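Order of writing sets the chain letters: A, B, C, D, E and F. Residues in each chain are counted from 1.
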Amino acid sequence: MFYHSGKLQYEVRVDTPDPVFAKHLQQAIGGVEGEIRVAMQYFFQAMGARGDAKYRDMLMMTATEELSHIEFLGHAVALNLQEAPLTAQEAAATDPVVGAIMGGINPRHILSSGLSAMPVNANGIPFDMSHVYATGNLAADMMANAMAEGSGRVLASRLYNMTDDKGMKDMLSFLIARDTMHQQQWLAVIEELGGMAASLPIPNSTPESSEASEHSYYFLNTSLDAPTPQGRWTDGPSLDGRSTFSARDKAEPMGQKPDLGRARTMSGAQTEQM
Amino acid sequence: MFYHSGKLQYEVRVDTPDPVFAKHLQQAIGGVEGEIRVAMQYFFQAMGARGDAKYRDMLMMTATEELSHIEFLGHAVALNLQEAPLTAQEAAATDPVVGAIMGGINPRHILSSGLSAMPVNANGIPFDMSHVYATGNLAADMMANAMAEGSGRVLASRLYNMTDDKGMKDMLSFLIARDTMHQQQWLAVIEELGGMAASLPIPNSTPESSEASEHSYYFLNTSLDAPTPQGRWTDGPSLDGRSTFSARDKAEPMGQKPDLGRARTMSGAQTEQM
Amino acid sequence: MFYHSGKLQYEVRVDTPDPVFAKHLQQAIGGVEGEIRVAMQYFFQAMGARGDAKYRDMLMMTATEELSHIEFLGHAVALNLQEAPLTAQEAAATDPVVGAIMGGINPRHILSSGLSAMPVNANGIPFDMSHVYATGNLAADMMANAMAEGSGRVLASRLYNMTDDKGMKDMLSFLIARDTMHQQQWLAVIEELGGMAASLPIPNSTPESSEASEHSYYFLNTSLDAPTPQGRWTDGPSLDGRSTFSARDKAEPMGQKPDLGRARTMSGAQTEQM
Amino acid sequence: MFYHSGKLQYEVRVDTPDPVFAKHLQQAIGGVEGEIRVAMQYFFQAMGARGDAKYRDMLMMTATEELSHIEFLGHAVALNLQEAPLTAQEAAATDPVVGAIMGGINPRHILSSGLSAMPVNANGIPFDMSHVYATGNLAADMMANAMAEGSGRVLASRLYNMTDDKGMKDMLSFLIARDTMHQQQWLAVIEELGGMAASLPIPNSTPESSEASEHSYYFLNTSLDAPTPQGRWTDGPSLDGRSTFSARDKAEPMGQKPDLGRARTMSGAQTEQM
Amino acid sequence: MFYHSGKLQYEVRVDTPDPVFAKHLQQAIGGVEGEIRVAMQYFFQAMGARGDAKYRDMLMMTATEELSHIEFLGHAVALNLQEAPLTAQEAAATDPVVGAIMGGINPRHILSSGLSAMPVNANGIPFDMSHVYATGNLAADMMANAMAEGSGRVLASRLYNMTDDKGMKDMLSFLIARDTMHQQQWLAVIEELGGMAASLPIPNSTPESSEASEHSYYFLNTSLDAPTPQGRWTDGPSLDGRSTFSARDKAEPMGQKPDLGRARTMSGAQTEQM
Amino acid sequence: MFYHSGKLQYEVRVDTPDPVFAKHLQQAIGGVEGEIRVAMQYFFQAMGARGDAKYRDMLMMTATEELSHIEFLGHAVALNLQEAPLTAQEAAATDPVVGAIMGGINPRHILSSGLSAMPVNANGIPFDMSHVYATGNLAADMMANAMAEGSGRVLASRLYNMTDDKGMKDMLSFLIARDTMHQQQWLAVIEELGGMAASLPIPNSTPESSEASEHSYYFLNTSLDAPTPQGRWTDGPSLDGRSTFSARDKAEPMGQKPDLGRARTMSGAQTEQM
């Protein structure tokens, strides 16, 4: 069950409201790299967690923290919109800076939300929950989470660069910090489970009889003219410790030429196909 | 530039066509765990690759392989649909097995595609390209790729379990094998770049001055009644080697109570809000 | 800032796991009538609330309660899936009941989530945040909330009818009860603001000079052959107390025949259009 | 069956074409607050109407009117686009006003539609029909309709403020007027059915035995530190006349700590979860 | 401006209600091959029509007819749902036919719409307006329309095959007939404009100087092992009468190897990419 | 099976990087008129092709070519973004041209992709695979393909007009040329199958007994006040050679007034509807 405190997790100050930056900040709320995504992802993973209960707790605790991130980011968006132009007169100033602002804002921040945050990204596209990855496999989920936090910290760093507002930089430096923790936190679970070697290949419960293992450890060069890129993936022990990497420098088809024959009558095809 | 050979990468046999399994297989084509996603993800990452060119080549080569996976899976779907009922007479058999089939197929396999594969998932939902993660950050992209292959191998394993058809099991065992390679291949890039310690936190190019590092290494317990789950993430050196993990057993707000004041006139709010 | 308790808001018991009912329950989580929608809608309205702070608090408190509803519904879905068939052998039983189950389940509950709840509706379609209505106008938002709770209680009532499981009926009776409170709670705000008469038309801050008020109070019959349906909307004082309802029994165009002339050169039209 | 007249329902004049305002106007066509939504919502509600036939007629008549609103708005968008820049030369004027225009237009108005209206919102996002609320419950549908018209009038008022064009202001004043009527028209149905008291809770046909009515009339304070907001919803008779409002100042979990146990073999989880 | 008559364009009879067929019929309402699509497509094309006004009129008249198709199809769906099971008792009959029905229906027909049509396809996916093709180019639009009607008639034919209900077969035979007319009607416009030769390539207004015409008339064989398929497209005059078809039996790259160099600092890439 | 060459199909040069044009170019990659669409459409049509195998080969070869188009367009987008502003300092230049650029770029090109192409359109909306039309009917598919190439050439022509960059104009002139070929190539298949007369109505395999042919050849005037537009579609032999076109100058309903009666108990309707 959830509870709420009236105060924000972190202080939000906006020294110079900037409605274009409000649009950009939306990516951190409703973008695929944003906070709605991780809040919901950890929440659904927690609800489906099977096995050691401590991972469930950990997921739910961080899901709860991410809800608080949505909250202070939402406040930051609203503060940046406080003085956005609401009328043709306000918007029509000949000042080129205002002109650029009008071109660069999300018009729905005026037309639809009334100067408030929306659950959308920087293009105004609503977040959709297909981005909530929760497989029921702990290692797959931990990778998904580390990935989400990695792309989240990339985004927060770019937002940090795109503003000169001291309040916003301070808030984003907190977000960058928490993303630092969170991306490592999920990888630490894998380390605790014995590390990558023990966890790979995901799922590590697939019986070996289900796998055509003669195809499991070679890099396939599908290029007609480029040499096989040499690296850790073409040489040395595989990361799961079960085999050795190699390369096939020239890919060859192993299957048949597909042929579906003629169409059945009553199938809605043209007569010539039947 | 792309080329094509008329033969499939891997042999596709369907001993007993099963239109319900055709619906399930669609998840491996158009699901978020499927092949369109990885083909397009690696393709777009390759197009945006900056830095050492060998990673670009590697991404493009595997993108090309994934296109071939779409192709043989698409053939498998069509073969499973070859004998699906096309008329009320065929569908109305009182045999309960037929009844279950009619209940369980994707009707659009009959109505829309004419017994062929579609770029949709097992619920019939078309794949959308928002799932193509390509950040311009090599490490973030490698994590995204390992994640995609992890969830892909989970899916392929479950599909393997859900069929008794020998041809399908053989094809899926190949898919499981390639997913084994691919998930390790992307992680091998990270190992080559110095391993996790050197790569974290992603992006490793964010200046330390952008980060409120006093918040970067503690796990935050946001629960009112559960103890902090102890583990690798609460103790020992952080995975980036820059600090030490700890825990805050009780989360406290650090920010203000948000207050947006009254609504501006002309903002479309109710008079009582102004 | 958000917090969490390890216990559910309400007890969840499933006497007879039913994976088809798990699919149906998803509508209450990820459907437009479901709990993710109201949780997020109240959350975003709270973040954008201007005017009397007590409405902000009220919105945030109920948003928090709705998060708890997602949580116990998610647990209910997982419990209903506990014994769903995972292999062809389990699924292929000739028992027609099993056949119907296989036809009726969401295959992604097996293939994608590993027997857990997903943020999707009963058709497997992920919730998208475009359904979070938050206009910045208090009365419009209260109507949106009452509507959401109305459709939510319709849904919960139908789900209640569709199950015989005592545990599920008990849980749903709680949901029906809370929907009773919530739909009235939002309408009570309107009553507190002076009632419908004072609140209408929404927004009540639009200056009368912005409105062609000669068109504001007649019902328009656009039918060629049906008489004007008589009712409260064709007679008596308007609900906003500003005028009297009437009807126009025959609609007439008041505008011009539209004409865009010929296409400009360089516009990509056919030559014949230019 | 539908018919059409060649003239518009209302006159459309554009004194000064403005391609940025064309983008904004799209919200009134293809936004969630727009005319496609209400046209389709009333149409589908009419098709599903059961009970007194006059509500079906009323819904269909207003659906028909809303189609006419799409039509004149579509003409307004096209007229605003008549002189939009089609070539690099036209667009590259150094005039900052032109620069802002180029930044602020929807490029698909040039690239995709050839200077015409599209069924999209102000962010260019196509309308999707998930926003057509039609529950089969008359009162729920009337609330949904009043809500749609409320947010529609908020939008029209904001658009009115955002333009200085006399023709556009005139057209929008008509739209504001019709939204005034429509939002009251749907609420008048509820009044006719005995008013809110008789209609609530929606659906009023749910047997009392389906409801855990001890939870039906208290406001739940889920905050850790904010007092219960006092108001009409915490005191006095409930709006359905069946009970009395009260408040629970401190929320307590009533359910268990969720536990799904260990994962089943063959479920695709990690071995450590089994 | 639109008007409505209370009667349907065509008689709808359902002799034996079939809720599974109701689900299938939805494809003709809300599918990409369905009536919402063509109604809206012709409507938006009409609103953007430039050039000879008769095409605008023609588009609007047929748009209006398609709205009437939605209406009688919607009634057909509701009639097929009239007796669908609403309770666990009704649904739990051990009759395998009922079992198949329960597996095969769209649960939202019960849970969300209350036994009425929805603006969704046979998978329950809401129609989205991105499928409304309206380019501002008359010939491109006519092709889009002929295509839509072609796929519509394929769908109607398949639905005709999938039912034994005489009333439904009668209604679908009318739909098949109108699709026959409509697909030819749009192609007749092209014939009137001088036929394909005069209309191609679309747009025929593109100056020849914009085209690298040495690449305009050869078929490109991109296969490594399949011979060039010979046909009308490799030989004889081009359909636009401007040149002669030929083939390039072996595709060769004409461009450079792409290289984006190293990442810029402050771009959020990994240090190793810079 | 697919292969790749390291070189692009066509040379890409960008003389003056322009991040706004990068946004526009995205329409040609991820728009409905773009290259992902045709690549996937031809690919899925090929996988489902039944009948003469040469059409399958032809489809797969051109699908492969379209993948190469995505590739060079993706490179063009990245080159146009090479110098886009990454920091507030770079973006805040008072130069109005820079202001317009900041207003007009897609912020996700900076925030999400790190100056690279994305699988989205010019509004930043990800491509979704519902636009892949593949019906299993050869003629319907050929029409869909000709339509896609027609709208694609319209788009490429408009993009050509919107840039002054010589390199971009050269690349687009190649795209225009290939679209010229492709739109004719698909129509040439229809010509080879006997031409339009033999192919229409699509599907030509629908038995005449399935069609109410008395309704197959008249144009229906649904207007109340506009005369029937006269043209090839109202007079002369039908394009399928089976009948003669005519017109019904006044549309009349042929069906009943719809009536669903009262709602069933337990259906979730209001009591007043039952």
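Throughout what follows, contacts are C-beta pairs under 8 Å (C-beta built on N, C-alpha and C of every residue); 3 or more make two chains touch, one makes a residue touch a chain.
All of these numbers come straight from a predicted model, not from anything done at the bench.
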item	value
Those chains which touch subunit D and also touch subunit A	B, C, E, F
Most distant chain from subunit F, judged by the mean position of its C-alpha atoms	C
Chain whose Cα centroid lies at the greatest distance from that of subunit A	E
Pair of chains joined by more contacts [C-beta pairs], C-D or B-F	C-D
Fraction-based call for subunit D against subunit B, same above half, different below	same
For subunit E paired with subunit F, centre-to-centre distance based on mean C-alpha positions, whole Å	11
Whole-Å gap separating subunit C and subunit F, where each centre is the average of the chain's CA atoms	32
Centre-of-Cα separation between subunit E and subunit D, whole angstrom	27
Two or more partner chains touched - positions in subunit A	1-9, 32-33, 47-48, 50, 57, 60-61, 64-65, 68, 71, 75, 78, 86-87, 96, 99-100, 102-104, 112, 114-116, 120, 123, 125-126, 128, 130, 135-137, 139, 154-155, 157-158, 161, 202-203, 205-206, 222-224, 226, 251, 253, 255, 258, 260, 263, 266-269
Contact footprint of subunit F on subunit D as seen in their complex	1-7, 47-53, 86-89, 91-92, 94, 96, 99-100, 102-104, 106-108, 110-112, 114, 120, 123-126, 135-139, 193, 199, 202-206
Touch list for subunit D against partner subunit B, complex	154-155, 157-158, 161, 224, 266-268
Subunit C - residues contacting subunit E, complex	20, 23-24, 27, 31-33, 96-97, 99-104, 121-125, 154-155, 158-159, 161-164, 222-226, 251, 253, 255, 258-263, 265, 267-274
Touch list for subunit A against partner subunit C, complex	1-9, 30, 36, 40, 43-44, 47-48, 50, 57, 60-61, 63-65, 67-68, 70-71, 74-75, 78, 112-120, 126-130, 132, 134-137
Residues of subunit E that touch subunit F when the two form their complex	3, 5-12, 32-33, 54-55, 57-58, 60-62, 64-65, 68, 71-72, 75, 78-79, 82, 86-87, 114-116, 125, 128, 130-131, 133, 135-137, 139-140, 143-144, 146-147, 149-151, 153-154, 157, 160, 169-170, 172-174, 176-181, 183-185, 187-189, 191-192, 196, 200-203, 205-206, 210-224, 226, 229-233, 238-240, 245, 251, 253-258, 260, 263-264, 266-269
